[in-house]
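Should a chain be cited, it is by its letter among A, B, C and D, assigned in written order, with residues numbered from 1 in that chain.
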Amino acid sequence: MSDAIRHRLTPLEKSERRLGFAMLAPAFLLLAAVVLYPIAELIRNSFHFNHLAQPWMGTPFVGFENYVKALGDDRFHEAVLHTVLYILVTVPGAVVIGLGLALLANQPFRVKWPVRLGLLLPWALPLVFAGLIFRWFFEYNQGIANAMLRGLGLEPLNWLTSPGLAFFAICLAIIWKSSSFVALVLLAGLQTIPKSFYEAAEVDGATKWQQFREITLPMLRPAIFVALIFRTITAIQTFDIPYAMTNGGPGNSTETLAMYIHKTTVDFLDLGYGSALAVLMFIVSAVITSLYLRHTRRDPGRH
Amino acid sequence: MTSRFTRRMAARLGLAAGLALAGAAYAQAQTTLRIFTGGQQRPDVMRQIVDGYMKANPTVKVEVEVGGATSEQQQQYLNTVLASKDSALDLILIDVIRPAQWAAAQWAEPLDAYLGAEKDAIMARYLPAYRAANIVNGKVIALPYFADAQFLYYRKDLLEKHGLQPPKTWDELKAAAQKIMAAEGNANLRGFETAGAPIEGTVCTYLVPLWGSGEDMLKDGKLNLAGDAAKKPFQLWADLKAANVTPPNLAEIPTDRIRQNMQAGNLIFGMTWGYVWNRLQNDADSTVKGKIGVVPLPGFTADKQATCIGGWQVAVSAFSKNKAEAAKLARYLSSPEVAKQQAILASHLPVFPGVYTDAEVLKANPWFEQALPVVQSARSRPVTPRYTEVSEIMRTNMNAFLAGTKTGDQALGDMTNRLGAIFR
Amino acid sequence: MAGIEIAKVVKAYGSVPVIHGIDLSVRDGEFVVLVGPSGCGKSTLLRMIAGLESVTGGTIRIGDRVVNDLPPRDRDIAMVFQDYALYPHRTVAENVGFGLRMRGADAMTIEKKVKEAAEILQITHLLDRKPGQLSGGQRQRVAMGRAIVRDPKVFLFDEPLSNLDAQLRAEMRVEIKKLHQRFGTTIIYVTHDQVEAMTLADRIAILKAGHVEQFATPDEVYRRPRSTFVARFIGSPSMNIVPARIAPDATTITLDGDAAVPAPASFARARGRDVLLGLRAEHLGLAGPDGVPARTVIVEPLGSDTLALMQIGRVEMTGRFPPAAPLRAGGDVTLRLDLEQAHLFDPETGLAIV
Amino acid sequence: MKLLRNRRAMIILAGLIVAANGFFPALWILFTSFKTEVELMRVPITIIPQAPTIENYIRVFVDQPILRFLFNSVVVAVLSTLLCVTCSALAAYALVRLRLPGAGIILSVLLAIAMFPLISMMVPLFQVMRDLGLLNTWWALIFPHAVLSMPVCTLVLISFFQDIPRDLENAAMIDGCTRLGALWHVVIPLTAPGVFTAGILAFVNSWDEFLLALTLSPRVASRTLPVGITLYQGEFSFPWPIISAALIVAIVPICIVIAIFQERVVSGLTSGGVKG
């Protein structure tokens, strides 16, 4: 009997559901039109040998060979390691800085646009150019970083040609660029927190820090989650900034997974292997994202 | 009142006439060819050239499509278009390092059939390095459009001032640089720069000294980096760095920084491409006008001097729907007349030795006289369908070495390992 | 205007049933209050009438139309929500006029009707404000304005007064009653407050765990509760319900094995049975020496009268006494139990024994 | 009084920090755009241009049809933003409010799309656009750009839609709205900051996008700004002063967009009272 209840949808529910799917339709139609075929191709390619510079080899099916090759590829390992390091540094970095910027920008300014603009400019600057600008800042002779060191009477540093410093410089650029996006999302979140909460806390004698911990942070959780998940996905795909700043150098010491995929497919024309790398990268992203999603689904803290 | 009316009337008539003309041109043009060129290969000059061609061949309409400025961007686009076997492009300007790859990928239509019996005669007219670069496995893959090479740029004024001759060996270069730097006492003045960033030019930073020792990277298609000669480039750059002739940040120097430093008067010797001469000579802000000379790059001994070639070729797309017409246009673009036109309009180095000595060309580019022997001594980077991988291996290892993250032996070892997998 | 016919209505979330077959027939123009403790399904039932919840089984008719599958907008109803649900980005006038606008009324009509409604509710001076600038009572009036302006067949109220303080609540209760008298529209009103239910309703439906316990006039549910549940729920203070036993000859009733009190003749209907005896506070009184001895536990003077908790043998009962009654906590008194007015319930089922 | 003034000062300081963080590279670009290359190469470096020149700006407008690029970028960014926000809002609403079976899976699929590296999809993407006949039209960029931003927009909108009390929509539906009507009349206006945030995200993503623009829309007539700007650079050379000037030209429209929208957003916010 209870089964009968469960499985019968009333016409009203049916029409709600129909409406729901109809509302999802535009998004999925767009996705299907644009990326369905490319993704299918990508996955198909990853199981084939397909090297455009060696067309005489044909495109035979090779099963998991490309994947096996990746597992034994030192350069792939290094690229993964670098990517993970970038994620570990720049994601929390951007969230912390972004949160700071959002809090600062959420003050009752009389003139708001310079602040808004300052918040958005890093993000409005195309990635490649942000990378190039920071490369210039860290340039040995004409860079601001070394100019300051010289001004302090210190020896100039080889920012972009020693692996540790280059990593630092790149992280700085990425954080600068991406904290803007984080700040934007968090600012929007901050503005939905009712003032009355703070007034109540104020009355209760909470310090600013306590208000931040007890009201702002919990209320910001959904926004922080959105920012985190996207910052992580984009961090996994880190490409333009290290590409512009060091092109992966010195050696391959700042090369990321996305850069290696780019090189493999665009420069080396090895579509098969490149596709396998891309699928691996996708799997890693998917795992991380699903962890995020599961974490938030468990989260009872909403409202 | 009337004047406004007549003006409007005239404008209408003009528009009508324009439409009529356009219509007529459309009716006549039976073939449309689209040629792809990078933003930096002077598309404006290309347009002038094809305008001339269209006047002579009224049944052909040629559109010039300008791609991204850098060869990276062009490659990104071209790879996508050609991997999709798209017929949108008929002719494509490609870098001299590409013909082998294009031949292998079957993106370029071999031109032998279109050249017919004249093939050998036509190919014989080019500088030997370009003839070699464009014939892959006996097939003509592309026709040279204009030449380029790395030169040793030097400060004529400073060398003369200190009684020095342009160096023929690396030792002479080092000695000259040290002497001038010591004597000038200018903290900003550097002895020598070459590309050290992980970019294509850095491949030559390894190859030029290798050639300068009399060896080559490949011998009969097999990797030839086992001998002592393979270590020499590393030793050379380590030596120059230790002697303070090269700057500490060599590993971050891209091609154009050499030109900028030279132009600012901060560099005695620079190893870089042909475009630099014009800039040094003609830019309003150049501090070294008339003070620059070019010679071939040094060797370890004077008889082993060698230079990297560059330059651009016209290939016919294998997916073109008008291959015969395209091949005709390619032949035109790769003719001495066009080479001369380019030399005068764009200072592009000709691919025909004879054009260098043409009076009009020399009048526009007096330095071509010095450039000719350099270009004639120029050599090709390894010819292989997987050149991009080869290049990438060489430049990253060279860059790591220059940055000091790998020793010469490590860099050479890694290089040999990975190159070995390609040249099996 | 229209009546509402609810027949065998069932609601389940997944396989969990929350409403098990409710029948309710609301007459045209009637003011019906759904009352019950939280979780009894009263709000769910209201939302099913509104079309905000789907109907798992049974039928709901408004007028002579089965509305089960009609979306809310087609049911010609208006609803006032517990938290008012005013559109914060619109002014009061826009809020009130929104429903008319959505139904394609022209601007003139909207303005006229909004004005009328505002005058009735005395919110004319607020028309240009946004909800954020209003007090709770004002918002309540706006929410009602939004409902009446459309002149719907049925008004639905979902605990509309629960966010207001006691005084405002009493005030608004009167307003709502006035509105009903003025428009005569059928109203279904959900509350958990029995005072609201008693004061407002023509008929009250008392819900318990997904079914209707009793559906009758306030007087009826007060005087003839169908079960201990209803008896306890309606009336303040709650009805005293104590275990008792009626003698086999029905002449006496024994409260929890203790004092035997003479039973009225009507108790014969339960002779010899264990029962639950229900007695409202006002049916306890002070008596002479022949009364039932009791001890005063707590005294609550209310001004108009005084409530006192009495210990009678082993049971406690609350009584309502005149303000001047000589009561003090801990004092001994004798009581008169007006058993003619008492209710008898079956201890097993809790149902009234009639 | 003193406390008040201090508070004012603190607020201004906060604003300055945010502005400085965002502006310093932009200022560097601005200054560089008025320098000559020789000055840029000078050691020690200069910050403020010593001999300002507008030559670079002249070159920007003379060398390339930058106004055309600007126009293309605006059209592509605006249309892809509208498309993206519309699709995302509908999807987000369906996922939040209409108890759909498998909503979690649908959301995951949507997010997964964002995780495929674009670089490795260029060839098939090109083929799709060619087969649709869209190459070198604005649409070749509008559709992929909209897809690119859709996951983030959807997630942002979901987080905002969840905050709207259901009864507001119920009230609207009883007042005569359809679901879509309630979304349009009530939910969207109330989540204006979220919709704006999503819109700005989509707009800037499109405005910055380089790789697709380079490949799918390579002809001058449909080329967008980021690709156009790289045309000022040479095979070897990177003329910072001119490119800086071009970047300034590219950034200004974004600033205008922000300035225009910012008032609207702020007013959307202060009307508030959703939870009050």
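As a working rule, contacts are C-beta pairs under 8 Å (C-beta built on N, C-alpha and C of every residue); 3 or more make two chains touch, one makes a residue touch a chain.
Only a predicted model underlies this, so the values are computations on that prediction, with no experimental measurement involved.
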| item | value |
| --- | --- |
| Far-end chain from subunit B, centres as C-alpha averages | C |
| Whole-Å gap between the CA centroids of subunit C and subunit D | 55 |
| Centroid distance [mean C-alpha coordinates] between subunit C and subunit B, Å | 92 |
| Subunit A and subunit B: spacing of chain centres that average the CA atoms, whole Å | 38 |
| Whole-Å gap between the CA centroids of subunit A and subunit D | 16 |
| For subunit D, residues that touch 2 or more chains besides their own | 41-43, 122-123, 127, 230, 238, 272, 274, 276 |
| Numbers and ranges of subunit B residues touching at least 2 other chains | 76, 79, 83 |
| Subunit C residues counted as touching two or more neighbouring chains | 51, 71 |
| In contact (per the touch rule at the top): chain pairs | A-B, A-C, A-D, B-D, C-D |
| Complex interface listing, subunit C residues touching subunit A | 10, 12, 14-15, 17, 51, 54-57, 68-71 |
| Contact footprint of subunit D on subunit C as seen in their complex | 47, 50-52, 71-73, 75, 77-79, 81-83, 85-89, 98-99, 102-103, 130-133, 146, 150 |
| Touching residues on subunit B, where the partner in the complex is subunit D | 38-41, 65-71, 73, 76-77, 79-81, 83-84, 86, 88, 188, 201, 254-256, 259-261, 263-264, 272-273, 275, 285, 287 |
| Subunit A residues touching subunit B - in the complex, by the definition given at the top | 52-56, 139-141, 158, 160-163, 246-253, 263, 266-269, 271 |
| Complex contact set, residues of subunit B against subunit A | 75-76, 79, 83, 101, 104-106, 197-199, 247-249, 251-252, 385-386, 388-389, 392, 396-397, 399-400, 402-406 |
